[in-house]
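My questions all concern the structure below.
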Amino acid sequence: MRKKGCLTLEDARILIEGAERKAADMKAPKSIAVADDGGHLIAFHRMDGANRTSIDIAINKAFTSACSHRATLDYHKLAAPGEPGFGLHMTNQGRLIIFGGGFPVGVDGEVVGGIGLSSGPVDEDLAVGEAALEYYQQRLRRG
Amino acid sequence: MRKKGCLTLEDARILIEGAERKAADMKAPKSIAVADDGGHLIAFHRMDGANRTSIDIAINKAFTSACSHRATLDYHKLAAPGEPGFGLHMTNQGRLIIFGGGFPVGVDGEVVGGIGLSSGPVDEDLAVGEAALEYYQQRLRRG
Amino acid sequence: MRKKGCLTLEDARILIEGAERKAADMKAPKSIAVADDGGHLIAFHRMDGANRTSIDIAINKAFTSACSHRATLDYHKLAAPGEPGFGLHMTNQGRLIIFGGGFPVGVDGEVVGGIGLSSGPVDEDLAVGEAALEYYQQRLRRG
Amino acid sequence: MRKKGCLTLEDARILIEGAERKAADMKAPKSIAVADDGGHLIAFHRMDGANRTSIDIAINKAFTSACSHRATLDYHKLAAPGEPGFGLHMTNQGRLIIFGGGFPVGVDGEVVGGIGLSSGPVDEDLAVGEAALEYYQQRLRRG
């Protein structure tokens, strides 16, 4: 038996709030998903103007990062045609996302979940996700 | 072309807030999903303590009620063995839920989306869903 | 080698027109699907006011009747719990519909396709489907 | 709550009529699908001679463009191997189409649905889709 960190709905709300602030600043409405360490959805917000195809993608980016402990951007290279991991995007019932916008959520060096951003260009998703994680870490430090 | 009402993220937040208040009062943590009129998820909160199997159910209850314009409880009778609609639970890729806890969200006599509640007994889901809809209508009236 | 009858888009249009007339008379907007003898969709109309969950159901009723050469209502008894065909609704990737509203389309004693109706009560679907088939047969006789 | 435009069956009929005229001129029979803003099918016609594999593709092109607000041709570059969005074709249960032939339908600067064309070469699909959209806009202007 061991203890593990466990994201609460309150943690997910803070992560989403951080994402929404950055996305609003950038005028880049996003679908934002937060999953627990089992990849199961805790919370999801689709900002007004985000595409309906982004729902599935944001949820599965959060799933992918929570369960693989990797940023989905890492797979962009690893799972490209000709690379050792080509084909990964077909696994996990098509839920393993191999482009940027999913991030593991880590606390005290342990992965406790994932966050996924989608709708619009990948570089936007990356900026919004990084801002969300930083906002969350600041809030944790403040206690 | 005609015009129709369209739920925003702010509408979904209010519906979820109404559900969370009632669920907290009842000490009955729920997965709460709000979908637009096409059944696409706008927002989702899983309260701490709600089951992981309730995620899919809440999301699909919201989908079912948004797209069929019915409370999912209506299907409990209609789709029971021996009844004319037995088999409905297999349609729509298994997303059509035939037990209580999904409600259409109506504004000015028009269905504009759905809300789904899950985790724990159906009668709890019904009580929480009804409270959420009432809370939302009160907020609309206050403007 | 043999020759077989083959529904054209024009045939499908006539079937749909017959269904739309009856459905309009009954003020019962329907999703209406016509499939070829392989169960593949030829034409589909969702009348204004028909539910979004009825799309999948109408298409799969047409598929079921085209491919099984049976009215889907026949399965209501045959595939009921305790009956020899219980479980049929799980086959064909969930596309085999076991409640009323799908009809084979026959010409000269040969099944050449199927029509499926959905949205609202099964008895409405039956009335609209029967009217569509009769309208089509009348048009065939008139040549 | 906000108001948004909503395609009717009559709108879908006009879009399909425009596509059928162009396709007939080009002797290039097509599957033609029109979806609402949630990606749900409103109407579908498979012209005599169009392939059975084109049914799924046309329907999903309409879904993709309705829900992503993009022409599917945009994804051809964005989701190619080595590009930032490689892997997109696996999302949304494989329904997100990354080659040409799907177009958003816009009215007054707002996306209200999608149209998808399939069967035969992509450049044909593009020509037929563009003609359909132009035909529809002309009809709207005439009122």
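Points to keep in mind about this one:
Should a chain be cited, it is by its letter among A, B, C and D, assigned in written order, with residues numbered from 1 in that chain.
As a working rule, a residue touches a chain if its C-beta (ideal position, glycine included) is under 8 Å from a C-beta of that chain, and two chains touch if they have at least 3 such contacts.
For clarity, every value in this text was computed on a predicted model and none was experimentally measured.
Work out the mean CA point of chain C and of chain D, and you get 25 Å between them. The centroid of the Cα atoms in chain B and the matching centroid in chain C are 30 Å apart. With touch defined as above, residues shared between interfaces to two or more other chains in chain B number as follows: 8, 38-40, 67.
Chain contact topology: the protein chains form a pattern that is neither a line, a ring, a star nor a complete graph.
Chains touching one another, given as pairs, are A-B, A-D, B-C, B-D, C-D. Chain D makes touch with chain C in their complex at residues 8-9, 12, 38, 40-48, 52, 55. Chain B meets chain C in the complex at residues 38-39, 64, 66-69, 81-82, 84-88, 90-94, 96.
Residues of chain C touching chain B in their complex: 51-54, 56-57, 60, 75-76, 79-81, 89-90, 94, 97-100, 121-123. Residues 1-8, 11, 36-40, 67, 107, 112, 140 of chain B are the ones touching chain D in the complex.
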